[in-house]
């Protein structure tokens, strides 16, 4: 995995960017001799720098390292892991003096050791990609007060609910982005019926669902919305089956937030289009039309709700390097930050829908529309229509 | 001198044992050649070498004067050598025909022409008088018919040198007669036969010459015409053997086993024991005589709790054991030498010591407060091994590594040692050599004289006649007649077993 | 005597040769894929025993593997193939955590109770296929496969519906039910090593004791080798089958409790199987279903899985390589016959000279 | 009535779709186990098949094979599966490895190796998505039959029907030809077969390699019809379900087929039912466990004892007893 992504780096562990100290790095006690080659003063500074708002070290980026621990999907999951790594890679390119790297988790049991590993290597900021790592990142952050951490998709505090000084939480306004694709779906649906397929039911995916439903209903509250969770992020077969049933029952546009399960949705949509029907799918996380959904006469993906994890990772890395680590903060990347939005591929979207999206986007940013995140909020939202 | 088979100076080793050491066997065209030896002498091994299943370490084989290298059974088949194995080589859930044609199936357009095959099988079986049902599944037919199917396998392939490894061990007297007739027919057709058997009478009756091996070493070849049972036995064992079962008249006392109107169904829900009545008393041996498949197996299983009883009752030492589980029945005082020692008698992967306490492991002294005491277990085993002359390297040897005869001795030791009021012995000497048989018969009689009730189930009439005090003849699941052993003979029993008296009885009543 | 000594030496030689072969094959693959095997393996070994932290994590990882290995082996000794260890472990995990959460008695009661709850849940999950096997002769392999899925879906649903705390998991168990050990953790630079490791080591002894020292063990082994003879000897075969599956499930359930009470302190919604149960099959068979063998095999597995992370981060070798090496080692150990044959050949050639 | 039909029109095709990879793979298991070699490795062989199917399809697409690509991809997967199964064959037949251990190792190895190779080729944990797929289609004429037509012959994959034909062929081969008789003999009583001049080891090799070929077909059919690409998560558990179908079907082709369709039906029901009126208030977990509970009930209730081939899991050594 890393072998390929690190080709330009040598294989010596840790700090492979910093040629000056690479040869001194012993495998065993990385934490200590991380900076052994540097003169004592710098060494101190480097260690100091890791302390929360170590502003004094700003500008001196040569020792800065930003790394991430991926979820099981790995850095090429065509989803948030890949996106996060893209952001980190970009950061590494823009600031060649900074070292970037990732460690992939084979399964959930690997999260903690992987995080621990990076911390012990002296990584300046370690990203935990995915809410599944919430507990592990808390533990590691508490045990390594000298390093900074950030977690994607979840708000993490200590056990009493107080923020941790060396941990930032990065979340996204998925509901807002989903609202926009909901608007597109509502304006494109011929049958006045649309569908949503979720991966595993959880508060996070609920944000997608409720945002989407709100967008649809905001345009036309008579549109029927079918919702089903596959309870699996990696079961294309169930995904196809659900999509089949939804399309058969009359839905003509289905939005998914279900990872690999969503591939089944695309399969079914392609199939139906090839068979002469016209149905659409809406992708998630990335501009999925770039990689999925092609059929002999176009692409079945109407649009995708993109979530700019890359942007978030880049921003937080940059801020941290510059000494502005958002200690203990919860950052929400929303529409107004371009943290979420609709995909750039817009070939299938009507101008009318694009106009509507632009209009609603502004309304959301302006706070005129408050997009619901939970089931309860959605009920409330419906009532307010 | 024209030999069809010459095996010269064959040596075959197994890890830790030389099964054949410099053995020479020469078989003439058109003769029935006996191969005689105690259990484990190396007879089967020698034949497996000839058939290509084993490769000898040394020695040469000539077939019809030509030196050959029999690397596998296919080569043997091509040379016209066919073998009927001691342990049947039959696929249980195949039909007789499927077993026979396996490996050389007649086909039409790629699929097996089963109709033609069945016709062929029928034809051969008619020609040699080997009654089989070509369509029956092996698991559904009697041992005798399985045996005939085995012979048919070789004939189907056109073998003209036939090896019969203990073919008569599992057959009833009429079936043995039939087999002997078959062998004569085969010789007439120009075939040669090598016959392995432990029954000296059979050798005297059908064989021309006899080669004797003892502990892997060839002792010599003799003309049967110049031999007697005693001379053969002596050659084989190396000492004199007595064939008479010495015993005094029985003095039976209380009834130990009393079976009333017993009905038992087999696994296909056909009732195979019908309204059976039987008594066995202290101090007597009751033999059950009958043709295989007349309900003997099910009767024994019912008595020992291994099979559910449909109706009727069983009473052992005054207790109604009709509904008892095997353990309760054992505790009431029943010993059981099972018919199939590998299936029921032993846990082959356990040591001899563990096998010796298979029913009693949970009792003192082998278990104390739930904890096993291996020391007492093995001490007990040592004593039994000594007493019953079980030939084993040690009491910690896995049962699997013992020869069949010694496995049987181990079982008998275990069952007799528990001093059961009732000892059920099902075919206790099947496949054993004369020395071992002598020993087991003596043990049974000893037990009788100690006042035990013994039920002997055997397919061998001679054994039943010699060992029993009373003989109950079983026919179609019913005891059709009970006779005193010293007032009957093989002819009469043969008729009774064929069911003839039953009809007579029915007409009179 | 000589042959016995030889046999004993063979017993250790073969797995070692197999492991060497496995690593050799891994090295070849690394060479082919452009990695340096020496760097790779240095990192791997460092990842296992490099420092006390890594070592602690290795021991932590092997803890549930020991239990799943024992569970598989125990059933195996009775002639049953328990593919359901995974499911039994999952319900054991859930149930022990539930008990850890729901009540708050003093530790001396709470911890054993929570572990026991895991054992009971696992036992129940093993009881069902055992009963079906004994009663209806239903093949245990299918039933246990099915029970795995049921376990996962049911516990996920229970957590989602009743116990969801944050994200995908339950709340943390009360500390009175925790196996966490500050002592062991600090000893190993904050690894997650917990008291469960000692319990696992004890479980190895327990398994050996049950199977080889008790009359029930005698029966279980007897039934495993020959059902007919066991029936003949008056043993209750059906009861032993049910018992064996239940005990096997109980071991698996305790394995789950180790994960729930020791490693994590909570139960979470499982997106896929934990694989600990499936790894148990390999551990048991690699360990020849013996206590010591299981302990060592679990160490190897836990170590390789732990070391894989280091191999990835330090040497840039994809973690899949470790999976390949593990698979090859299993294959080579399983093929010990050929190794033994080759060794025999070598030996006899030497003797001839 | 109409509602019921409507439900069936959705569920029956879905059941057949889900069942197809299982059926094919179970046929593979049948060949292997009938020859006496346990095949827990079906899962891994399916992984190989899915991998081969996608890689093959992408390769043939690049070669300009167009719509033929997925079919050729399946063919490629069959070969890959057969070759890969050789490892299981060598270990468990020639080296007398424990067949279960060897199968478990195959499962580990398949996932490790395929993902490793995918990384080498694509620099990513998953392949690209194939462009040409096998699509659902209506079978001419048959799909026009009322009731049956829309249920069984509309919007189906051709692969399903090919699989059904294959099953009939397998039945014929196993029960009607000399090859089948010998294969079964080797699985029941290898020594008997040996004495009849049948090459036991060779038959077993063939059995295992056929299992690789069929599981390869099963995995690739799943990949090219449903998944569209390959990653570590493409095949998760289908191989075990196929093994269950084989045992459920008592090691017979039609039995395994029935069991696979039963599984497919239960799975389809569990996903589709939630969309249907009247079912929406039932907690989802009931639907999720439905296929598995139904299977257990069916086994306990009316299927009962299954008798495996007698020599299953026993390595054959000449002259042992």
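For clarity, chains are labelled A, B, C and D in written order, and residue numbers in each chain start from 1.
Here, contacts are C-beta pairs under 8 Å (C-beta built on N, C-alpha and C of every residue); 3 or more make two chains touch, one makes a residue touch a chain.
Since the structure is predicted, the reported quantities are computational estimates derived from the model, not experimental observations.
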- chain B and chain C share contacts with D
- Note on the structure: More contacting C-beta pairs: A-D or B-D? The answer is A-D
- Query: Looking at C-alpha means, what's the farthest chain from chain D?
  - Reply: B
- Query: Taking each chain's centre as the mean of its CA atoms, how far is chain A from chain D in angstrom?
  - Reply: 36
- Item | Chain centre separation in whole Å, for chain D relative to chain B (CA means) | 46
- Task: For chain C and chain D, let me know how many angstrom lie between their CA-based centres, rounded off.
- Result: 28
- Task: Please work out the Cα centroid separation of chain A and chain B, and write it as a whole number of Å.
- Result: 76
- For chain A, residue numbers touching 2 or more other chains are 1, 231, 234
- Using the touch rule from the top of the page, what residues of chain D touch 2 or more other chains? 119, 233, 236, 284, 288
- Message: Residues of chain C that contact two or more other chains, please.
- Response: 33, 153, 156, 272, 318
- Message: Touching pairs of chains, all of them, please.
- Response: A-C, A-D, B-C, B-D, C-D
- Okay, in this complex, where on chain C does chain D touch? 29, 33, 81, 83, 128, 132, 135-139, 141-143, 145-147, 149-150, 153-154, 156-157, 161, 272, 278, 281-282, 285-286, 318, 320-324, 326-328, 330-331, 333-338
- Message: Using the touch definition from the top, list the residues of chain B that touch chain C in their complex.
- Response: 304, 306, 325-331, 336, 338, 343-350, 354, 358-359, 361-362, 366-367, 370-372
- Note on the structure: Within the complex, chain A is touched by chain D residues 9-10, 14, 17-18, 119, 122-126, 128-129, 131, 133, 135-137, 155, 222, 225-229, 231, 233-234, 236, 267-268, 271-272, 274-276, 284, 288
- Message: Please output the residues of chain A touching chain C within their complex, sorted ascending.
- Response: 1-3, 6, 11, 13-14, 27-29, 101, 103-104, 106-110, 112-114, 116-118, 120-121, 131-132, 134-135, 143, 154, 159, 200-204, 231-234
- For chain C, which residues count as touching chain B in their complex? 212-219, 221-222, 225-226, 228-236
